[in-house]
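Next, two complexes with chain A in common: one pairs it with chain B, the other with chain C.
This part shows the complex of A and B:
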């Protein structure tokens, strides 16, 4: 892996979404040797995916927020940070050595500080039939849309809730894609519950944009509200979606594509594998790293920024990235502009406004998080909800013990697609909290690594040993 | 105070097997496990069920264990996914092969016949993918592998169903001997019994030291890696003579790479840290021995915390200093296969004062020689 200029850096940033771009730009501009490693072909993460390469050059299609990424990317380019794409970080250890793979070979790089900015992933949405071909996540559909300009043309149902649910629908419609019906799973009465927290949200730009987006989608597509049950049907391929609403109304639609989205949660695999402590977030119903005010985790020198630190959106991600970078610079004794950290903290406080409203409004309903009966939970090992309940009955007390019974979470996805479901399902079955039940113990490699890459790692250079931390 | 016949500290396969055998003998027993059964070495090891290449002092126990493994389903109501296609030790040089010859001759002289010498051609017939450098080897045909977490959990469950009082998530306080009874405080309660078994793996050294009977036990973290599924190309488990490696393919196609390269262990926090420089050695060894493996991907790696004694042999037997105290620990990275027989033997020692299996070489006495 000869592309790297060095074996050691002041700061290594993992992930080139908004948080990673902001962190790397801030650190490199202040003179720190900075390496930004990113898995994708270009910068942007999920929200700005394809920023430099998307075929959708009509700016209306993806909207202003998307193209705002160009300014941040400009700062990154001017900063002098070393940026490597198609680079997969497969390990970070507590001494801040980073195992990274690129172009079929691997290296171990020593960092003085690390910012993990690995973003969010979609919450598992395990309904009956969710593993059928023809059922995919809204996020996957959006990836195809942004990177290749692909939109649905066959009969399509979108089901779920959350900002991305509406945003994706708007983007598909603007590009002439097809949506037959949207099944909104926001529970009845949740808007009323969230309203007391609406004031903060009203003062953000998201309020006006959100309303405009909702109005645009509602004028063009049939929307079924307060959906309480969804099933995907078909033999080897989706052909029909059925649903039921809080009012007891049933519906069905012949469909070749079902897009599911139940909000996003922090992607915690890398941070957990290093050993950073995580707590259960009762509001967002997910794991969230335990961080100090600068974003530093319980592993000294390891900072976490962006949605991986707790879902907050682009503005929060940018601010958290800058806070982490300035805090890391200060901790390394770099003479950073004193105003840097306080300005970044002020930016973060402002960006956080309105989040509580969205969290309350889009809190996913229990029946869409905790499946029953024959519904598949772990698709790698084909484990169903009832299998897990039986294992709990004969003594499985948590996700790690469950592996001995069912091998849940031991397949190629390393628990990403079932981890939250397993934790919540077991907590409910045992009458306890997700915090008590815990999560899979995660280990490097957090991404698959070729045996030959490991076998051929370059020998440890003297420079690496000499790094003082 | 809760009075029992026997208290056991440690819920690995050893403690659980002893608890099960004590119930068969009619003794009342409470077992304390600070985490959950199989949380450490017993649940996360390579699952090797191996008589091959054992130290002579362990062979009688290993042979008895193998006989139990071969009908494990009858004993604990779970077949533990035991899959036996033999284990093969591969010689990689002429010197290796000479050592193999001498080993088999020595075992035969002692009356053991489970290890058989293989020529290079015979090894290649059994392991078609093996590298040209192979000069021969030894096979133990009845050996194989099981799923360790499943086996330990099944032992725990069966012992509990027979009436053993198994307390998971309950750390035992340091034991003390008073008025003829061993006392242990755990989970806010007090327990006492005339007999106490220490089967606490890497944590056993502290207890032994506290009881004034120090053993040279070091907590270690042997590391393992598993690959994605590849078409079946190897049936037996493979180990090497001169290099550290244990290698096997599961029925689902994944391959386990282990053998005993060590990461870092911290027994206070239950945490381990992987050492990729040493895992690199494992990866290199595998790719040299089976070139076909170079393009396989590693999907998981982990380490378990285990107690290793300086002479790489466990302590199985009574204390030399205290009445009613028994050790079953220090299995030094190869205790999983021994679990069933060690549990039977320690239960016999506890209830009858003797066991028919020769474990004289595993006694505490060897540390007092100096």
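This part shows the complex of A and C:
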């Protein structure tokens, strides 16, 4: 891999979403040698996906929040940070060596500090039939819309809850795409439960935008509220979605596409594989890294910013990226502008307003997180909920032992799509907490890698001596 | 088969030719392999490695690995992360990956 200018950097940032862009720009602008590595073909992460290449050049289509990304990207480009796309980070060790694959070969890069900004992924949504072709995440549809101008054109059902559920529907409709019905899974009474926390949210720009978005979608699409059960049906291909509401009403719809969404959770694989401690977040129902106020994890020198540090959205991600970069600069003894860290901390405090309201309002219901019976939990190894319950009955104590019984989490996705479900399912079955049950032990490589890439890595004489006699 | 997704009229990007199991497909420049396959109208379902049931991409952002595909002879590539290139040879994976691919 010859594209890298150096074997060592002051700061290596992983992920070019808002947090990674902000962190790399701040560090490089302050004079630190900075490398930003990103797995995708262009910058933006998920929220600004396709920012430099989207075919949706009419700015009304994706709106101001999307195009705001250009200003941040401009700062990155002016900063002098080295940015490499289609570069997959497959390993970070506690000495802050980064294993990265690009164009079919790998290199090890030494960092003085690292910011992991690998963002969020959609929470698993294990319902009966969710592995059928034609069942996708709402985020998948949004990715296709932003980067390829592709919208649903066949009978389509959107199911779930959360800000993205409404945002995606609005975008699809504005671009002439098709939505036949929306199944809102927000449990009955949850709005009332969230209201005491609404004050912070009312003062954010998201409040008015959110109301406008809801009104737009509601005027155009049939919405079924308080949905408590959803099933996808079909032989080798989705052809029908059925549902049931809290009031006991049943419904069904012939459809080719079912888009699922019940919020996003931190994508923890890389940070956990380095050994950064994570705690169970009872409010957001997911793992979140244990961080100090500037985003440093329990691994010295390893900072985590953006939604990978706990879900907060784009404004929080930008602020966390800047906080982490300034803190890393200060820790390296670089003369960063003294105001940098305090300004970034103030930005972060402001951006955090209103989150608690959204977390409470859109807390996903247990039946959509903890499946039963024949519902597949581990998509890769095709393990069902009842298999896991049987394994618990004969003694499987946690996710790592479960691997030996059933291979859950051992397929190509490395537990990303089943990990949370397995933890919560086992916790419930054993009558304990997710914290007690724990998570898969994650190890490098956290992305698939060709053996030839490992074999071709430059080797230290000491390492060769250790194994060659 | 009619694809589940269609390009909006405003999308005027130039096309390029890729091959899917030998069949010519016009993809748009900038699309990922997974997006091009979903927009192609071909039956691009792969067979799962464990029980051989059909699957299509699920997340389109690199986490679910449902879009695994053979590209220019290299198996198990994440189709949702790789942009199409002219002349690219894409093979839909049937069951377990073969040795040497």
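As a working rule, the second predicted complex is superposed on the first by the 458 of 469 C-alpha atoms of A that agree within 3 Å, B and C clash if a C-alpha of one lies under 4 Å from a C-alpha of the other, contacts with A are read in each partner's own complex, and residues count from 1 in each chain.
Methods note: a residue touches a chain if its C-beta (ideal position, glycine included) is under 8 Å from a C-beta of that chain, and two chains touch if they have at least 3 such contacts.
A quick note: this is a predicted structure, and the numbers were derived from the prediction, not measured.
When the two complexes are overlaid on their common chain A, residue A:452 makes contact with chain B while staying clear of chain C.
More residues of chain A lie in contact with C than with the other chain of the pair chain B and chain C. By the touch criterion defined above, A:189 lies against neither chain B nor chain C after alignment on the C-alpha atoms of chain A. In the superposition on chain A, A:412 makes contact with both chain B and chain C.
Of the two partner chains, neither chain B nor chain C is touched by A:74. In the superposition on chain A, A:56 makes contact with chain C only, while chain B stays out of contact range. When both complexes are overlaid on chain A, the residue A:40 reaches chain C alone and has no touch with chain B.
Residues 412, 448, 450 of chain A touch chain B in one complex and chain C in the other. Against chain A, in their complex, chain C makes its touches with residues 2-13, 28, 30-32, 35, 38-39, 45, 48-51, 53-66, 68, 74, 76, 80-83. Interface residues of chain A facing chain B in the complex, by the touch rule stated above, are 91, 93-94, 97, 99, 108, 275, 394-395, 397-398, 400-401, 403-405, 410, 412, 414, 441, 443-445, 448-452, 454-455, 457, 460.
The part of chain B that touches chain A in the complex is made up of residues 36, 38-39, 43, 147, 149-150, 152-153, 156-157, 160, 168, 227-228, 271, 273-274, 276-277, 279-280, 283-284, 286-287, 293-302. Of all residues in chain A, only 39-41, 46, 50, 53, 55-58, 61, 86, 121-122, 131, 133-137, 139-141, 143-144, 147-154, 156, 175-177, 236-237, 256-257, 267, 379-382, 411-413, 416-417, 448, 450 touch chain C in the complex they form.
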